[in-house]
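Scroll down for the structure; my scribbles are underneath it.
Chain lettering (A, B, C and D) follows the sequence in which the chains are written, and residue indices restart at 1 in each chain.
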Amino acid sequence: MSQPTLSLTKDLTIRFSEVDSMGVVWHGAYALYLEDAREAFGLKYGLDYMGMVARGFYVPMVDMHIRYRQPIIYGQAVTLRIDYVPTEAAKLIFEYTLTDSQTGEVLCTARTIQVFIHKSDRRLAWTCPDFYDAWKARWNIHA
Amino acid sequence: MSQPTLSLTKDLTIRFSEVDSMGVVWHGAYALYLEDAREAFGLKYGLDYMGMVARGFYVPMVDMHIRYRQPIIYGQAVTLRIDYVPTEAAKLIFEYTLTDSQTGEVLCTARTIQVFIHKSDRRLAWTCPDFYDAWKARWNIHA
Amino acid sequence: MSQPTLSLTKDLTIRFSEVDSMGVVWHGAYALYLEDAREAFGLKYGLDYMGMVARGFYVPMVDMHIRYRQPIIYGQAVTLRIDYVPTEAAKLIFEYTLTDSQTGEVLCTARTIQVFIHKSDRRLAWTCPDFYDAWKARWNIHA
Amino acid sequence: MSQPTLSLTKDLTIRFSEVDSMGVVWHGAYALYLEDAREAFGLKYGLDYMGMVARGFYVPMVDMHIRYRQPIIYGQAVTLRIDYVPTEAAKLIFEYTLTDSQTGEVLCTARTIQVFIHKSDRRLAWTCPDFYDAWKARWNIHA
């Protein structure tokens, strides 16, 4: 049986302050966009950040890899897609694609990996937290 | 008897990411510089942020007023001066002056006001916390 | 005859990265919100930043005054209102009000002043640029 | 013959605004630190950003990969090392290591790749710009 596809697509909102002196979006600002995408994904699928904190876990970033293919210009209409990547590990893995909303040209791809740490003592969770297993089951994910 | 002058002068460090598409420092970045100045002041005079948190108080900003007189260009040598403004109130008031390090021209002036809130329940402190009174006495401040 | 009221109200979008270690929005992030509001205002009323640049003017900030009344918490629904303040001077003046969307409580007020400088040589415009006069006439503003 | 090692080590300056609601440095802020390291490297070795722009090239980021191993806490003394990675391609490649200044523990490693584009028409430079070849020769780099 095929895996379900959990994903979300949203319009990117570029702020003037994110544009650098070359007139394009500063590369460091993309981390904000990925975070926005994760949060929108979390709200759609019931995996938002504050909900995970409320269940006793922080979910820090351990790996962020961004490939910039074309610059983004202030005012450009950009679409951001986030895909959940199924995994057996106690990790949250997402892939991202930014495309020009009009031409469909790919502007950037990225991948992030997060882990779970116990809020109480900041220990790493080596196995999936119960709430994450339940979430996977709910969405029929078999990694 | 005259008041002591508690102040600190430091070189401003401008980051490339703080420069906007006009090639000058983005106006919102100045809040970072003022914060850097407060922290350097705090470390010099024994009033650093984490020390105040450790004593049970958050010190949120309630008023920030920035007057931009000349743009700051990336690579420009800028000097930032911070002055403590004595007050009887349960407040921290600072004034700031940014000048061109070479010409002495004033580029920006600013003023911030912070209050004390109890970390435990986030209530506003209507009178000066003991540690702040002690700090004023130590530096011979009679507001 | 009474002045027209040019204003815009929008929902505030708070990013996780804008929340500080006290769990509230960092005071410096408000400059972003005010900028977002100006840009939304500009798009609604035909006074957007890139349009002004295209007409030959930069519009730098010369004065920003923010009064923080209540902290903003991550996830809180906040409404941001921006009002254009009529003036005879060659300035853009705006006032801002952030309120809790549910209770209506005022969380923050602010005021900004921008001037016009010629893009070509960065001279200050002492009188209103023609496009700004035309814009005022279009919206029936008599300052 | 062995390659020369072009590197630089500096103390990391963490700003309060870069700390998130978990009390650790927000993962997106690391892009700032890497940029600071590149700029310090450039000033030391004659390859600073504005100098490259003056020679007619922008040097945008095309790949940024950050591996976060341990969180960085506000106030923690952190050392940042940047290494130039020799390459025949028309690219700038750097590797970064952030360590606890006291224990030497590795907190983060990263790698960035930049390319050269002509400032005049934003075309990608397929071969090394002359100034970059000259720079390599000056530092005895044979990639």
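Here is the rule we use: contacts are C-beta pairs under 8 Å (C-beta built on N, C-alpha and C of every residue); 3 or more make two chains touch, one makes a residue touch a chain.
Just so we're clear, the structure is a prediction, and the values are computed from it rather than from any experiment.
**Q** As a test of understanding: of all chains, whose mean C-alpha position lies farthest from that of chain B?
**A** Here the answer is chain A, farthest from chain B.
**Q** Give the chain pair, either A-B or A-D, that is connected by more C-beta contacts.
**A** Of A-D and A-B, it is A-D that has more C-beta pairs in contact.
**Q** Measuring centre to centre with CA averages, how many angstrom lie between chain A and chain C?
**A** Computed from C-alpha means, the inter-chain centre distance equals 30 Å.
**Q** Could you tell me the distance, in whole angstrom, between the mean C-alpha positions of chain A and chain D?
**A** So the centre of chain A lies 25 Å away from the centre of chain D.
**Q** Can you give the whole-Å distance between the Cα centres of chain A and chain B?
**A** 36
**Q** So which bits of chain A are touching at least two other chains?
**A** Within chain A, the residues that touch at least two other chains are 16-17, 22, 28, 31-32, 35, 74.
**Q** Touching chain B in the complex: which residues of chain C?
**A** 22, 24, 27-28, 31-32, 35, 58, 60-69, 71
**Q** For chain D, which residues are in contact with chain B within the complex?
**A** These residues of chain D touch chain B: 13, 15-17, 31-32, 35-36, 39, 49-50, 74-75.
**Q** Any idea which chain D residues touch chain C in the complex?
**A** These residues of chain D touch chain C: 16-17, 19-23, 26, 28, 74.
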